[in-house]
Structure formats: C-alpha cells, structure tokens
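Across the two complexes that follow, chain A remains constant while its partner is chain B and subsequently chain C.
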Partner chain A sequence: MVSAPVRTAPPPMPPPAPPVPGPARARRLVRWAGPAAGVVAVVALYAAFRGTAVLPHDDDAALFHWLNDARDWVDANRNSSPIFLYVVNYIRLGVAELYTLVQGGLVALGWPGLIGLAAGLGWLAGGWRIALVAAAGFAGVGVLGFWEASVDTLALTLSAVTLSLLIGIPLGIWAGRSARVRRIVTPVLDVMQIMPTFSYLSPILLLFLIGPASATIATMIYAMPPAIRITALAVQRVPGVTVEASESLGATGLQTLLKVRLPLALNTIMLGVNQTIAAALSMVPLVALIAAPGLGVDLIRALARVNVGAALVPGVAIVLIAIVLDRVTRSAARRREGGRRARAVRWGGFAVLTAAGIALTPALATEFPEQWQVQVVRPINDVVDWIEGHWYVFTGFLNDTVAYGLLNPLQDVLTSAPWWLVTAAVLAFAWRVSGPAAGLVAAACLVGVAALHLWEHGMETLTIVLVASLITIAVGLALGVAAARSRWFAAGLRPVLDAAQTMPSFSYLLPAVALFSNGRFTAIVASLIYAVPVVARLVEDGLRAVPATVIEAARSAGSTDRQVLWKVQLPMARNSLLLAANQGIVMTLAMVVIGALVGAGALGYDVVAGIAQQEDYGKGFAAGVALVLLGVMLDRITQGANGRRSPHKKRNA
Partner chain B sequence: MGTAAIEVRGLWKIFGPKAGRIIGSPDADLEPAQLRAKTGCTAAVRDVSFQVRPGEVFVVMGLSGSGKSTLVRCLTRLIEPTAGELLIDGQDVCAMSARQLRDLRRHRVSMVFQHFGLLPHRRVVDNVAYGLEIQGMGKAERHEKAGRILSLVGLEGHEDSYPEQLSGGMQQRVGLARALAVDPEVLLFDEPFSALDPLIRRDMQAEVIRLHREVGKTMVFITHDLSEALKLGERIAIMRAGAIVQVGTPEELVGAPADDYVADFVRDVPRSQVLSLRWICRDPEPGEPLDGPELPAGTVIHDAVPAAMGSDRPIRVVDGGELVGVVSRVDILGAVRPRTEAPPVPPVSAGVSGEA
Partner chain C sequence: MKKLRLIAGVIALGLAANACGGAKVEDDSNAAPSASAAGSAAASAAGTVKIAINPWVGYEADAAVLAYLMEHELGYKVEKVTLAEEPSWQGMESGDVDVVIENWGHEDLKKKYIEEKKVAVEAGSTGNKGVIGWYVPEWMAQKYPDITDYKNLNKYADLFKTSESGGKGQLLDGDPSYVTNDEALVKNLKLDYKVVYAGSEAALIKAAKQATDQKKPLLMYFYEPQWLFNQVKLVKINLPVWEEGCDSDPKKVACDYPPYDLDKIVSKKFADTGGKAFDLVKNFQWTNDDQNSVADDMTNNGMSAEDAAKKWVEANAAKWQAWMPK
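Let's look at the complex of A and B:
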C-alpha cells in the first residue's frame, strides 16, 4: 500500500549530478589522507611517549672530554708532528706575514695617504662621485674615532680577500671550463654556503692558533665561495660563438683564455670580487672572537655589555668601509668605453689624488687629529635609554608575545618529545616535500646532533630558527607580493633592499639590541632584518618573471587582480617561492647563531664559550659540527625547488 | 681537375655516447629520430662526400637541423668528425696534430659566423687584426694590414669604433674582414647573412660576389635560403637529415631534382631564369624551317626571349658549333608559364652528378 504510490508517482527531479566525479574525489581524499594520518600519528605518539627518550643536556659528555684531549694532544705535538711542522705551521706563518705586510703598508701610507689612495681608486673606478664617496667614507671612519682599528680591519679584509681571489678565481675558471670540476666543486660550495660561520672557528683555532692568521683564514674560507661561483658563471657565460671564432682562427687554448674568455668575463668577475669583499667584512666581528685585531673587538666587547652606543660606532665604521669597498668595486665592474683621452683622464686623476694624499702624510700628524673626532656614544645611549623607557610597553609586548606564545611552547614540545619521534617527523616531512634522498639526509643530520650529545641545545636553536623563519617568510612574502603588484611600492622598497644587502650581516644585530635588549627575540628581530630583504626580492623577481603575455591572457579572460595573483602568478613563480623559503631559512639560521652574541644562547653560545674557555673547547667544537648538521638539514628539507629542477637540467645538458 | 681544394669522403658526425660504434652497424641507416630513440645518439652528418674545386663557390644548403653547420665545422675540426676522410689541398686534416691544425686555421682556412662572434671589448681594427695577433704579428704591421682589409670591405673610417656601435650588416663586414685578414686559401661561411635584414642581406651577397671576383678564394657557403644558394653557388649541395641528397649546378637542381625533397624545394624557382635552352630544345619537326637565329645551348631561357621575339622562326640551339635542337616561341612560353602539376621536362643531356 505504501510502496505502490511511490512506485507510480511521477519521478521527481532527476538526481543532481555529483559535483566531483567519484574517482577524482577519492584521489583527492587519498592525497590528503596520508599527511593527515601522519600528523595524527605524530600527535598521538607525542601524547603517548612524551617525556621518554629525551636527551637532556650534559656538559660532561664523554665526547666533549675526548675532544678536549684531542686538542691537548695537538697542542703538545704542534712543534713535532710533521704535518704541523712542514705544512700547517708554514701556512700560519705565511698568512700572518701577509697580514703584517698589508697592515704595515696601510699604516705607512698614513691617514692622508690612505684617504688619498681610496679617493684615487674611486676616481679610477667611477669618476668623481665614487672618489668623493671613498674619501668621505674613510674620513668618516677617522671622525668616529676608530682610525687605527679600521686600518687593522681593512688590512685583515684585504689579506683575506687577496687569498680568496688567488685561490678562488683560478678555481672558478677551472670550474667554468670543466663540467667535471664543476660537479665536484658545486656541492662543496653549497655546504660551505649553508655552514653557519661559527662552525669552523673551533677547527681553525685548533690548526692555526689564536690571532690574525686564524682570523684571516676563517675570513678567507667564508669569502671564497662567491669568488669561485661567480667566476665560474662568468667564464661559462662567454658566448660560445666568440670562443669558436677565436679557435677557428687558430688561437691556442691559452690565447683564447687570455684574449677572449677573461676579458669578456672580467666585469662579472669584478662583481665576484665585490661579493667576496662583502662576505669578508661580515666576518669582522666574528673573527674578533678568535682575537683578530680591528673593529670587531670593540664591537663584541660592547655587545657583551649591551652598550648599544659603544657597539654602534665601530659597527658604523665597518658599514662605512663596506660601502666604500662596495661602491668602488661595483663601479669598476661596469664596462667603460672611451678613447685614449678618457683613459688618460682616469689614470691621471688617480695619480694626482693618490700623490696628493701621500704628499700630505709627512706634513700632518700620524694620528687622526683628535679635534676632528666626534663623540657620539653618549647621545646614542641616551636615545636608546629613551626608547627603552618609552616604548617598553610596545617592545615588551612583542617580546613576551613571541616568547610565551611561540618560542616557549615550541621549545617545550621539541625538548620533551622523544628524539626518535622528532627525527621520524622530520624524515616524513622532508620526504614528502623534497623527496626520499632529502628526507634521509635530514633525518641523518638529526641523528648526528643527538650523537654529538647536543640534542637539547640543538632543539633550542631549532626552535628559534623555526619561529624566525616563519615570521621572515610571512613578512617577505607579503612585501614581495606587494612590490610585484605596485610599481610605487617597488620603487620605494628597492633602494632599501639594495642598501640592506650591502650591509655586513651582523650590523642588523645593533638596531635589534637597541630595541629589545638581549635575548632570543633580539636574534629573531635581527634575522628578520637580515633575511626579509632577500626573501622579498626573490618573491618579487619570481612574480615579475611570469611572462606578461600569460598575465595578459588571464586578464583578457576576465580575471580579477586577485585571481591573476593566486591562479597565475603564484603557481608560476613556485620555484622562486621555494627558493625564497630556502634562502630565508638558511640565512635565518646564520643570524640566529650569531645571535649568541646578544643572548640567543643554545648552540651558538656553546661555540663562543668553547673559544673563550679552555675547558669548554670540546663542547664548542661539537656545537660547531651540530650547527653544520642543522644547516644541512634545514637546507635539504627546503630543497624542493632545486631538487625538482635538476632532472630538467640533466636533460638539457 | 687537379687536386681539389677540399675533398670530403664518407664523413660522419654522431653526437652522443659511444658514437663511433654506430658507423658500420645497421643503426647507421636509421632515420635521425629513430636513432636518437634507440641509442641516444644524434647523427648530425651522415656519410657525406663532395669535392670543392680551387676558386669555386660551393654552397651547402638545407633546412635548420639538417647538419650543414656541423658539416662546415668539421672541415677545420672545430667539431671533431666521428669518421671519414677530409683533405684540404691534398693534406689529410684528420691526421693533423694540434699544432698543424692550428697552422691550418691560422693561415689557410678561416670562417665567418652567423652571429659574428666579435670581441665586444676590442675596437674594430683590433677585431680584424685578431687572427694576425695570435699568429704573433707585431702591432704596427697587423694594424696596417687590418686597415687595408677594412677598406676592402667598405669600412674605412670605422677602425676605432666598438662592434656594438655598428649595425648588424657592418658587424658582419667586420667578421668578413677578420676572416680575410689572414689571407686564407679557403673561406668558410656559416649562414653569415641569416641574422641580417633582407635589404642588407642582398648588399652583403653582392659584396661576397664582388670579393670572390677580386680575391678569387675558394668559398664554402652554408645557407638555408634557396635564392641565396642559387645566386652565389657555382655548385650546390642539398642536405637533409645529415646526408647530401644532391650536388649540382643550380641548373641541374632545378631541371633534374634527384628526388621529391629537392623537387619540393625548387618548385617555386622561376625556371626560365635558371634553366638554359639545353633543357627545352627538341629535335626539329619535319618541315620546320632551320634558318632562325642561333643561340648557344647554355643561354638562360629568359635571355632567349628577345631573339624569339625578333624572329618567328625557331631558334637553333647549338653546342660547340653542333646543332643540338630547336626551340620555338611556344616552347619558350611553355617554360615561362607558371607551373602547375606538370612534371619537369626531361632533360636532353645533362650530367647530373647527384649522389644520394
């Protein structure tokens, strides 16, 4: 009775078609089910095993003692082991000699002579503007009252840069010419680039003792990768047809190298020199930790006492030197044409300015005149005090929010979770994002940190890095998107970013200290200032690289600006975005480690303590290695961009 | 003929792993796409043979990817051939040591490139003198010589300019001057005018013809442009997929294409401007008057039009004083008319030296 009318009733509306065809929906479910299940599993395991298999920090780990013993053995055999006697010690003496020579030369020029030489080189490289910048910059260093320390810093930088170029340029040429060498050199450079600068201070100290030689070598190691990389790129980029034309006329390999490849690569190589100098200068405060003479000593000492004014002045002096060297080498990298007359004017001006400076040297005082110096430490500290007093509500709020809202909870989780769970989670995440090889390497790095008995400090460092990267990437993405969409915004941002990239990295610590005093949050702020410009630039460049025709096509189909951004620009800029994330994280790690100088603690502090105190050497050494492992891990996890591009590269070759 | 300026016998160039093993194996006969799929190797030049006479302009023509640029680079081993024999002026180029090869490139064979390959950081005069410089010639002497060559190619007054200050056509004149400066026996041109505007290209072609008349060098000229090939080439080799399909004078290619590929190429060529009377003359019909104007068999059809207009009698076509046939007005009109489906007129006598 009931069923009959139903059966005879006219059929209602035909059932609506399912919005998503069955198989596709199922596939989408499967695609999300894996990661979701993974997250649930990790959370469940954390709840179940929380507090077990944790690796609390132990200052007396056997490994640290063993490393201390190894150091003692090296110290005992420094003058008898053949490796030291015939190789290492000679390197140390040779490098020290080079530094003494350069330093002596600069001192002998006297301050008028050095300013004159700088102006002359500026004139030679880029005319009167650059000459003025160079003279004003160097004079400014004197006015700030740091002439002598600046000369030491300059000598150290020039020695290290000279060595970097002497080794780096031939190596770069070789790598540019031979694919086999390139295959060997590239991964080594990759690791060098993600290695936090702190990590090789301890080993260098072990080999070359404390002093200018060690400092020069540490600086050289840090500064060499850009010289090699850019030289190789420059040599590779020389147009094949030009080389072929030279060969078709019967030039020998050497003739083609000297008359075609190098002249055509010269401007790019000069940019490599520029980058090498910039890298060298950013090492200045770090090598002060291993007793390098120069501005870094004053800076580090003031930072340790949170005396912002006293740290800012030598910091500004380093920035001035950086600006002068940057502008001079950058204009030298620009190709100029011009006949014999222009060349005569250039060299004539150089000779006149230099000679004038040197001629004034005997006439003027050897010391930079005291009456020309200005005292700015006190006024700066007054401003800092005022900021601390008046902005405390704001800065304190920010500090506490990040500390209690993000840092502490995350650190609690990472340090209270079993080490195997953290490792497994990293393995799964890296595997999913960047493939199995990256996952295995990342997990192996974490196991290494555990094996070094530095798990807890490693997790503390990781906490700061993760929080800082998160903020860095968010801010950088927003700025980059805004710059790509608005010409006005981009025009305003560009010079700021340009200036930011010229500055030595540590200089970002100073404003952060001024605002937030010491602590983990200060390191986060510093890494933000350091890494955001690069992230923003990569994002902007990536978005701008989307072909105009594609955007035009999307517009002509009636897309809104927002749709163009989300459906066209961001997906097409995927590789740039991944690269931006990768760079942001690696740079953040570098800065967080340096943040140990302003109280960020953890692994960075272990390294500093290991350098300062004999009995902590072993721990410091291990912490350096742990930092490299963390760097490699973070880099591998975010390598998705490069990892996925490589098969194409191979196919094209 | 004496010794050929250049003689190439069975030349192969295969790019890829273990390229040498492919030659002589059955794989060698595969089409390039199949070969690449099977072995991962690319056969750019396949079993190419030809001779270039001293003083001749020999054109190699083919579409892009046909291997012509690889072939010309093999001639001085800028690209090392995989197999084959290569003689320049009777000397075995493949057997030369690095030093002998450099000497060959420095003094006897020089090359002009499609994208010029000039040195942007050197003045024009130093670009032209580059070949002399690497031979070790002193500055004054090489500048003096370069100056003379520059006026030969019409660039006097531009000695102190930099390449980027010149137009494309002028830059290629610099490239030409650089090749001429070392006074080589052989000039190789790799699509030298492809990157230039049509009008400038025409000027440059005229320039090459003029230079050939004045300096009389042996020239090997690579092009993808059929009209350029017909204009410049005394003989033309047509390449397809790495192999030479046909070698012959422009007349032979247009009149007797070796296969459909060549026929397709030359379809749009105005036959009356390339073919000679030899290709259309026929035996006189019975009763046809044989007192018309007399023209040599090598006369281009187009040039026979005035004679045909001046007399209503058939033209008598003679070769070395001997009558080979007659051509009437109708025959000439038939050759001038736009071609539709008509197959080419079979030649009466023509030595076709094509090798496929």
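Let's look at the complex of A and C:
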C-alpha cells in the first residue's frame, strides 16, 4: 500500500465512456489492491486488539501537575525574576502603552473626526468610491449602536497590526533575500497558521496576564504570518535586472533595498497589510476571553445569554470595520497613476475630509447620537424564537441522527482502538495520500498527543472534526459544482458566501446554539457555515479553470453532462479539490475548538477550562499543544501528493 | 493615522528603553486605558472604577446597581470588564479589575491573592446567601420520590441519558468557569453519570424550562440566588452533608457544596485610593430578593442593566441611601 502510485495528472482526454479496456481494468485493480489490503488489516487488528492499549483520560497526569507548578513558579516570581523584571514585563508595559495611545488618539478624534479621517484615507487610497465606503461603513457601526466598543476594537486591531508589521516586514525582507532564512521561517509560519487560535491563549496568559496588552500580543502573533509571507514573496519577485542595474550604478546594498527593492515591492506588501488586518480582526471575539475591551465582549456576552440578535449586531459591526479596512488597504495596494496634479488632488481631498471631520467633532455630541441608532436585536430574536418553537422536532431529529449515527460510533472506534493502531493507520493513509514525509509527521503528531496524556480527548476532538469535515466537504462540493455549472446559481450564491466568510466565526455559534441547543452537533453546524464558503469557492474556481476546449472535446466524443463532470472536470480540478479539502478541514478544526464554548467538549473544553480554572491550567496548556499537533497532522495528511504547500487563505477564524 | 501609529510605536519603544529599574506587573496599571485615578481629585469625574462582570445575571444585577450609584450619585466613571471568576482575581493583580462584587468562596484564591501576593482585600458580605447544588424538575421529584437522595441516582441514570453523555446519565453543568466539584463528586460518589457542560447560565435555564414544559428528564447544576426559582419549580438533590473541611481537597470531595456567604473582593490599590467608591462597595448589602428582582428585569422584562438598576434604585431609596459614604 505504501508505494502505490498516485495519479498526479488527469488524462488530457476523457476515456470513451462505458467500455474500459481489459488491461486498464487490471491495472486499476492492482492500484486498489494495496489500500484494500490495508483497510482489511486495520479492521482485523482492531477486532483483535480492541480495548487494549487505550489511553483513558486522567485529570491527574503528572504532566498537568508539572505545568501547574511551572505556572505557580511564574506567578510567584513575576515581580522578582530578572527575565520578567527586565524583559517580559517591559514588553507588556510597552504594548499596553501603545494600545492606550492608539485608543486615546481614536477617542480624541471623536466620532465625526474618525469618520472624516477614514473617508480621507479612503479618498487618498482610491478616490470617492472608497471614501464613501469608508464613511458609510464607520457611520454604520455607529448606527448599530456599537461606536465605543468599535473604537476599542479598532484600536486593538491597529496596535496589533502595527506591531505585526514592525516585526513582520523586516523578517519578510530577510526571508525574501535569503533562501536559508526562508527554509527556517516557512514551516514555522505553516504551523502558526494551522494552529487553532485558542491554543495561543494559555501561554500568553502565563507571560502577560490578562488585559489589552496580552490581547494585542495574541492578535499580533496570529496576524503576523501573512505580513512575513507576502513581504518575502514581494521582495523575491523584484526583477533581477532592475536590481543589477541599480548595483552596476554603484548603489550600496542598503540603497538598493530602500530605493529599488522596497518601492517595487510596495504594492504587494500593501496586500500583506490587507491580509494582516483581516487576520487581526478575526481574533476580536477570542481575545475578549482575556479581558480585551471591544466588540468581542458583546459577542461573548450574547453567547452566554443565548441571545442571537445581540450577537449578530456586533458581528455585523466587525464585518463593517473589516470591509472598510479591506477596501482602503486593497486600493492603496493598486499602482497609482498620474502626475503632480493628481497627487495634489489626492492629498488635498484627504486634508479636506479629515479636517472637516475633526472640525465637526467639537460641534457635535461626544457620543454617537442615540436617535440615529436602529434597534434590530428584537426582530431577529423574534424570528429565532419562532424557529425554535416550531422546528423543534426537526432540529432534535437532526441532532440525534448525527450524534447516534455518526459521532458516537466513530468516537467509540477511535477511543477503543489501541493507540498504536490509530497511529499506524494514520501513517499509512497519510503516506499514501501525501507521501512519506507527510506520513511520518502526521504519525509523530499523534504520538505527541498521546505523550501529552490527552489521547482520549484528542480522539473525541478528531471525531467531531472528521464528521464535520465530511459534511462540510460534501456540501461544499455540491454547492461548488452547482455554481460552476450554472451562472445564475453562482451569481446568487456569491454574496451569501461573501457574507458568511467575513462574519466572525463566533457569531455562527449563536444561531447554531439556538436551533440545536448545546453539544457537538452545534459545533458541527457552526463549522459548516464557517468552512463551506471556502470549500465551495475553491471547488467552483477549480472546475471553472478546466479549459473549455477539453470539455468541448469530451462532449463531441459523446459524453453526457454527468460523465463530463465525473470523468473530466473533477479529475482535472484535482488540485483545487485537494486544497478545498485541506482548507475545509483546517477551518473545521478551528471552529470545533471554539465550539467548546457551547458544550462541544474535548480538547477545546480543556483549553477554555484552563483559562477559567486555576487547577486546570496545566491540562489546558497541554490541550493547546495537542490541538496544534492535531492541526499539523490534518494539514499534512491533506497536503496532497505533489508536496505542494497549501497557500493558506485562511481568513477570519 | 500612519504617523500616529509611528509616533505611538516610537514612544512605546522609548518607554521600554529608558526606564531601567525593572518593571513589576502593577506598574502598568497607570498606563491602562482608563487609569484608576480615583485618588486624584480630577475636575469633572471622580475617577474610574473597573468592575469585573462575571458570567451570571445575579452578579450583573449587583454590578448594575453599584455602577448606577457610582455614576449617578458619586460622579465616577464605571468600566465593566467582562471576565470569568478566576481570571478576575488575576485582574486585580494586573490592574485590570478593581472590584469583584459577588465572590463565591474561592478560599484558594483568597490565600494566593490576599495573603501571599497582597494585591486584593476583602470588602465584606453582599448579604446574599449562595447555594450550589444538583436539581431536578419538580415533576420528577413527584414521579420518582426517592430520586432526591443521591444514593438512588444510579437507579435512574438511564432516564438522563442523552446523545452527549456517552451511555451514562447526563449531569448538566453550566459555564466551564463556574465553581464546581461535580466531576470529582460523580467519581467519588461512584455515580454512573457524565458531566456535560452546557456552556452558560442561559443554556442551563433553557434546559430547565424545556425539562419542565416538555416533561423531559434533567439533572443539572444550579444555584441560588437565581430568578428562575420564581418561575420554574426545581427540587434539590441531597448530597452527603457538608462539614467544615470535607471539600478541602478538590479531587477528593464527596460531600455537598458549602453554604456560601457571598462577599466582595477589591484590589488593594482600590481599597487604598478608591475613596467614596470604595466606601460604597464596602457598605453595599442587600437580599437575595433584591438581586432577583433586578436580574429578572434584566433577563425577562427586556431592560438594560442600567434601566433595571434605575428602577430598583428609585423604588428602594432607603436601602441604598444607607450605603452612601458619609
């Protein structure tokens, strides 16, 4: 099963549909003999060794106590150990200061000033359209009644993004210029982006306590990878000829960097800024768990009250901020044309809009006027109540079907199988799908989970992720195929997917909780809403990328629509499909972990409890690491046969 | 804006580079967004008080009334910091929290933060009596009269099975951050149950309502004071009687929860410099009924925390005037 060749390229022409020539059939049989034997072997071993070498969960594991002791040591020495006195506490202090400054600055601008400034920046970046979007977006946040919280969120995001760029851009330039640095940085970035955001929290709490400073640092860590990656890419792409010309004119290395490389790379780097901001905003709800002010607080509180309307509104506010920042930075990344006059108009407009806003600040009320705010919470909740009251039987049925039909049996198998068998099966599967390196890494990750004394919880998490991924990929595939075949369907689907992709994932827990009450299925539903758009989009793009001539040829050879889909389009879109599966699974893991907040249990619960309960700290910390291992494992398994790195377009976790 | 960020960054770096005596965690509390400037006699406002908001509505009711009085009677600015119970204590060390207004026991944290670290102090009882326990809907107690004795719970475990409880009976717990010994209790009392976390107070309440309306079996962790007891009848399960010290080792607990005298904890700094706001916190005392009426308005009558507090304050002038600092 190990060396079975994996088909890397689809046949350029579809085989004539029904008759399969004899030798081809034989080859196909041989190809499937290995995996089939493997499956039989795993099943037989499971039957023989069921219930042995299982690793039941033990809250008292020595590792957890050791981690608790480490925490106690840090707590006791926070104000005396030199590492804390001279390094860690200063970082905390500096970051807190930065946040205070940014927040103070934004508050001092007042709401008219901030809207004016946003419009001015929009004008500067992309003309009146963007100015309008920026003004409308920020005003919209005020209309929703979340002005103050939004300013806090904005301040936190901007502080974190500033720090990410301060660290990320130089690192990116370095990585872009040195292949060795790139080799070291790339796997680290891979892990950082696969890591469920929850697992950051325990170590950060330990070092920096709660508060805006730790929240800024957590956000920074999450937001930095795109900045590094894209900067490195941009610097790499600067044409060699240009650099040579500069050097032959006698420019020093620094001059070449500052005057040639960076200006040429600037537009791409702006895209990196754009991605960094998107990543930072996705952390907003999570950092509310460690006492960061802002919109996340309202989201979390609404979650605790099971109040769908109250969670949706701050969710929309986050989306509005995201849209404004996205459009402004995106248009700033576009190459600007025009001479001196155009530039004068740009800066003039910026000055006028900003000045107008700031001039209005003292004139208008300091708080966003209440009569402009609209109340939308109640109507939303009325709808939810109605659905809750009327669909009860249906939702309960769905919940029980998935729980008893899929989750429980799979969980039983995974937790009753010997750990070595699960590991071996993963090794073999990953080896076959993605090659030996991926197989070894995946197996090592599982051994790591066992070593952390979290095997049982790890398997429970894996169960939910597998079932959720299965449903996500199936639904995403169906939607993607439908969208690729019908332009009408695609046009209708697009805005829905766009909206689902920009909402902070926490908002999805709410409707899911309201409909299905608390439990694993709720987490699955939430991850479905979260990951399906990305899967559907990748599938659609992949199918559309199949050349029309190929499809034409298949049609003229007499293939039916169904045959064209299964024999031509899907095989040719293989890479996109693999990428879709990879992204779907990684995103599902992120969401299932957050599902711990609504009773999905397992590793995610350990992390939440570790933050909230002193004696569970060690377990929570270890669970965070285990989640990273699971993430790496799932990612490696689905990376695909050609060793291609997935681009990780992961957004708003 | 870019410039502003740049300046901010430079200043932050400068600060870090200039000072050289080493930084303690409390040092930064002055840099936090709204410093607790209670001590300084600022012109417009008396200062800012940071009240932790723990995730249950009874707590929010206390905080709402106190915040209302601080803002409208004493001229303070109140900042509500949404946090779980134990992180709130850490907040008193880091400078993010001044007041925890309803503390449930937490002897270990008292030892750590009050006695050892000396960053927090007790500010007296809230007057509320706290009860934690396991409850079933009243119809179950009528149908199965002996169910209220924990010894009989195993007999009924099948009733409480759900898709989430892995073949055992389900004991529904609330927010993972709540005070609970339930996992240890289930283990040490040898009960055939699994603790499942609903995730929040609201989820528990929803479950209790459904269990009563639809006659669905339910065994859940719950607590008083809680407005729900005025709407839904729940019956407490009798666990082995609590005695002083029987719950000192959290892993070996095999007895009921103690009766709680809910109290107030404030940061040392707030106690020293909090002025009138601290006096108000210290004097604050009311009954379970008071708390429930405010909590009920907040949850069921669609009032904001501020409106509910206002209503109570207007109706109970004599009570709160007694708390006012002289």
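By our rule, the second predicted complex is superposed on the first by the 510 of 653 C-alpha atoms of A that agree within 3 Å, B and C clash if a C-alpha of one lies under 4 Å from a C-alpha of the other, contacts with A are read in each partner's own complex, and residues count from 1 in each chain.
The rule is simple: a residue touches a chain if its C-beta (ideal position, glycine included) is under 8 Å from a C-beta of that chain, and two chains touch if they have at least 3 such contacts.
Keep in mind the model is a prediction, meaning the values are calculated, not measured.
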item	value
Chain A as common anchor, with chain B and chain C clashing or fitting	fit
Which of chain B and chain C A:L264 touches, first, second, both or neither	first
Contacts of A:G94 with chain B and chain C, given as first, second, both or neither	second
Superposed model, chain A: greater residue contact from chain B or chain C	C
Which of chain B and chain C A:T242 touches, first, second, both or neither	first
Which of chain B and chain C A:T252 touches, first, second, both or neither	first
Partner chain in contact with A:Y86 - chain B first, chain C second, else both or neither	second
After fitting on chain A: smallest Cα gap, chain B-chain C, Å	22
Footprint overlap on chain A, where chain B in one structure and chain C in the other make contact	none
Chain A - residues contacting chain C, complex	59-60, 75, 78-79, 82, 85-86, 89-105, 117, 121, 152, 158-159, 162-163, 166, 205, 209-213, 288-291, 293, 297, 300-301, 303-307, 378, 399-400, 403-404, 407-408, 513, 517-521, 596-599, 601, 605, 608-609, 611-615
Contact footprint of chain A on chain B as seen in their complex	73, 76, 78, 101-107, 110-111, 113-122, 130-131, 133-135, 160, 162, 175, 178, 182, 188
Chain B-touching residues of chain A, taken from the complex the two chains share	239, 241-242, 244-252, 255, 259-260, 263-264, 266, 335, 337, 339
Sites on chain C touched by chain A in the complex	1, 4-5, 7-9, 11-13, 15-16, 19, 22-25, 27-28, 31-33, 53, 55, 81-87, 90-91, 93-97, 108-109, 112, 163-164, 166, 175-177, 183, 196-203, 206-207, 250-251, 299, 302
